[in-house]
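Take a look at the structures listed below.
What follows is chain A paired twice: with chain B in the first complex and chain C in the second.
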Partner chain A sequence: MQTTLQIAANGLMLGALYACIAVGFSLVWGVLNVINMLHGSFIVLGGYMAFFAWRDLGVHPLVSLAVIAGLLFLLGWGLQYGIINRVVMQPVLTTLTLTFGLDMIVYNFMTLAFTATPRRIVLDLGNIEFLGVVMPVDRIVAMVLALALTGLLFAVLRSSKLGRAIVAVRMDRDAAALMGIRVDRIYAITFGIGALMAGACGSLLAVVYPVTSSMTGLFLGKAFVVCVIGGLGSVPGALIGGLSLGFIESAAGHWLGPQDAMTIGFVLMILLLMTKPTGLLGKQGYE
Partner chain B sequence: MAEPLLSVQGVSAGYGDVQVLWDVNLSVEAGRIVCLVGSNGAGKSTLLRTISGLIKPTRGQIRFAGRDLAGASPDEILRAGIAHVPEGRRLFKGLTVRDNLLLGAYLRNDAHADIVRDLDAVFALFPILKERQNQDATTLSGGEQQMCAIGRGMMARPQLLMIDELSLGLAPRMVERIAEALTEINRTGVTILLVEQDVLTAFELADYAYVVETGRISMEGNTSTLADDPRVRQAYLGL
Partner chain C sequence: MRSSAFFILSMLVLAAAPFIADNYVVRLCTFLCMYAALALSWNFIGGYAGYPSFATAGFFGLGAYAGALTQNLGLWLPLPWLFATVVVALFAAGLGFAILRMKGHYFAIGSISIVEILRLLASSWAQLTGGGDGLNVRILPGGPDYAGRVFLYSMMAVMIAAFITMLCVDRSRLGFGLRCIKQNEDAADMIGIDVTSYKTAAFTLSAMYCGTIGAIYASWVAYIDPSDAFSILLTLKVPVMTLLGGPGTVYGPILGAWVFVLLEEMIWAKFLEYNRAILGAVIVLLIFALPGGLLRMQWRRKWPSSVFGLPGLNRLKESR
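Then we have the complex of A and B:
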């Protein structure tokens, strides 16, 4: 019983972070039809920024989070507006290749600048024990913030003017243009939001796990799996996908060992692709 | 004579290498209902898409309310006062009727209360939309979707409302109902440019018509005159 509860608690914590990792990736894929290979690097970059702000400047990660999110938004916005928008109407392979190339630049820059040494912010907030389940406080904080950020994005998309415009562009680009929506600007803002979510999530991750530049591919892979499980382009989809993956990995990690937990995630992705390629919450035929 | 509200002069346009419009001239005077009729693929929709900026004309002038709008972007053209209700309604799936209508007012910076007042005006014109305002817009019936699309166009407070394929796929009674609403909209001072395949409906509603054939204007005139023209009667009215 206690073991089950502990697995569930770990799964929830992991799942909240996975949802946060994937939600920006899913948004960009759904709205722009761009598979953003940079997403993992954005996450790691956010983690590094939080780490160095904490170690060298003494800034608490909860404070730097907002600044990092803002900077990553600007970076994402600039990349989309200046570079990716030029080819965004091309087939998906073109934009994938472009973001792959940009990812190589960012990834190698990070390795060069920060080395591959794993970095972690150690806050030492102690543990909380409840019903025999032990949870480190820093993990709980990271989980709550990850869920809050995901919820905030949902609220913005759901009930703001910007959110309506993003959904409109996603559903019908030409009709959105007829509403006076500047599609190129919405693309840049959406890509910026994707980067913002990645950066914020990265700084949360740095509080929980060691972060290193070689993890970019790992995070990107997680984002893929979550999108496939939950379905593309919706916040609830990313949340369901993230939590599912979190619970599965947590359980598999306990029964099979952590080295196999990730394999299970990818096997599940392949099974879902074969049986329900739209994901658990995804709908068919968006356009 | 005063300058017409919209004047299209010598406009050519197309998609890539395929030229669709050839030297099109058209003018719409303020306060009128003007229709474009012609068969499928004649270029009527392309003309509307060129006026609203979705396609850039390769040649020619488009003047609206004294401004040159050829080559302007869709948002500039909407801001100038031309709203375009596209063929097939093109409502946004996943958004409610209300959100779809609000998107029509996307460019407006006036007070929220003014936008809500216009929303109420649309609801007064099409009461069914008020009933269904929280429902996904694409779950409406075809006629209701057309009402929503027209309402969405009106939310921009346009001087000129362009409607593409008003009656396509709608029940005759629904067409009548929407035509009445358009007359009412026109009475409030909004000029209307209508694209319609059903010439009878178009001629009933509009007072001036252009006939488009293979990307060129082949005839124009008052609808009452055109309705008696033997060429129109034979080709479009089946008489």
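Then we have the complex of A and C:
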């Protein structure tokens, strides 16, 4: 019983972070129809920036989070506005190859600047014990913040003018353009938001796990799986997908070992792609 | 005619390499043949059928492991390579039925995950594959000069086999059907093309030679590990080579692979620290400056269509 509760608590923590990892990726895929291979590098970049701000400048990660999110937004906005927008209407082979090429450039300079040493922010806030389940406080903080960020994105998309414009472009690009929405700007802002979520999530991850540049592919893989499980282009979908993957990995990691837990995630994804490619909550329109 | 003359001439040069040049050049020539064969294979599914497959490294790695494991049983050398080819072809045919129902983005994601799943399996199934420690393969006896020749000619044979298969496909109903699928799959289905079996055939063809090449590669380097055999970079490089040369043409993949490998060897291998960034920049430039590949550049108007050796495709383009 206690073991089950501990597994569930770990799954919840993992799931919240996975949802946060995937939600920006899912937004970009849903609105722009672009598979953003840069997503993993954005996450690691956010993590590294948070670490160096904490170690060298003494800035608390919760403070630097806002700055990092802003910087990543600018980076994403610039990349989309200057480069990706030019080929955004082309088939997936072109856009995916292009983002992969950009990812290699970002990855290269990131590794040169920060080296590939695993970095972790150690806050040492102690543990909380509840019903026999032990959870470090820094993990709980990261989990709550990840859920809060995801909820914030949901609120922005649902109720702000900008959010409604993004949803409109997602539903029908041409009709949105006829209604006076500047589609290219919405694309750039959406990509920026995707990068912002990735950067914020990366700084949260650096509090929980050691982050290193060789983990970009790992995070990208998680984003794939969560998107496919939950369904594309919706915040609740990413949340459901992230939590499902968190619980599955936590359980499989306990009974089968961590290596097989990842394989199970990917196999599950292939099976879902074959049987229900829209995902558990997939539908038209981004909300 | 001119391009087939170039092709035959370059084959002769490659074949003569061991007699006129040192082992470094022979090794480079072996890489030229290897990547050309991989790019030709990718062309079946990516160039003709227009499906963005990123599963190349999966087939390559599966072939490498299948070949290495059977070779270590002590079989006579071409047998493990044949075995790897059959294993990978069967695997791709079965997989094709499963993942070819997806389209576009979903297919791309699905095919990348195949590489990931196979890599994870190879690292976790340590009793069979040696896991992350890798797998040593028996070294071919006879000294480096002899081995260099054997592997060069084996890779070349696979490349030529892939090329001849491509010519046959290009001129057959299969090639025509695949081009129809690329343009509009639903319409192709409507006019009576058996879309599922055509796509599966293209997918299997695209995998088969990758398996052979993987097995030969394993015997050649005599050591494989999961991250080398199922490398995510390989899975991207091969489509990029084909895009560089001109997807959906018969000479494009060979040209693209050769230009790419030679550039890599001569230019960016000198900048070790910036290797990835330069490759990334090449990809970005390629997409903006050469969207149709080297063979479809503007100067095609000056040269007659025979340069491409592809009258069928040009006719299709004109009639559109």
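Here is the rule we go by: the second predicted complex is superposed on the first by the 283 of 287 C-alpha atoms of A that agree within 3 Å, B and C clash if a C-alpha of one lies under 4 Å from a C-alpha of the other, contacts with A are read in each partner's own complex, and residues count from 1 in each chain.
Definition applied: a contact is a pair of C-beta atoms (placed from the backbone, for glycine too) under 8 Å apart; a residue touches a chain by one contact, two chains touch by 3 or more.
What you see is a predicted model; the values in this text were computed from it and never measured.
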| item | value |
| --- | --- |
| Which superposed partner A:273 touches (first chain B, second chain C, both, neither) | second |
| Partner chain in contact with A:67 - chain B first, chain C second, else both or neither | neither |
| Which superposed partner A:83 touches (first chain B, second chain C, both, neither) | second |
| Partner chain in contact with A:100 - chain B first, chain C second, else both or neither | second |
| If touched residues of chain A are counted for chain B and for chain C, the larger one | C |
| Touching partner for A:108 - first (chain B), second (chain C), both, neither | second |
| Which of chain B and chain C A:181 touches, first, second, both or neither | first |
| Which superposed partner A:172 touches (first chain B, second chain C, both, neither) | first |
| Touching residues on chain B, where the partner in the complex is chain A | 52-54, 73-75, 78-79, 83-84, 86, 90-95, 99, 102-104, 106-107, 152, 156 |
| Interface residues, chain A side, partner chain C - complex | 29, 33, 35, 83, 86-87, 91-94, 96-98, 100-105, 107-109, 112, 217, 221, 224, 228, 257, 259-260, 262-263, 266-267, 269-270, 273-274, 277 |
| Residue ranges of chain C touching chain A (in the complex, touch as defined) | 46, 50, 52, 54, 98-99, 101-102, 104-106, 108-110, 112-114, 116-117, 120-121, 123-124, 232, 236, 239-240, 243, 273-277, 279-284, 287-288, 291 |
| Residue ranges of chain A in contact with chain B within the complex | 161, 164-165, 167-168, 171-172, 174-182, 286 |
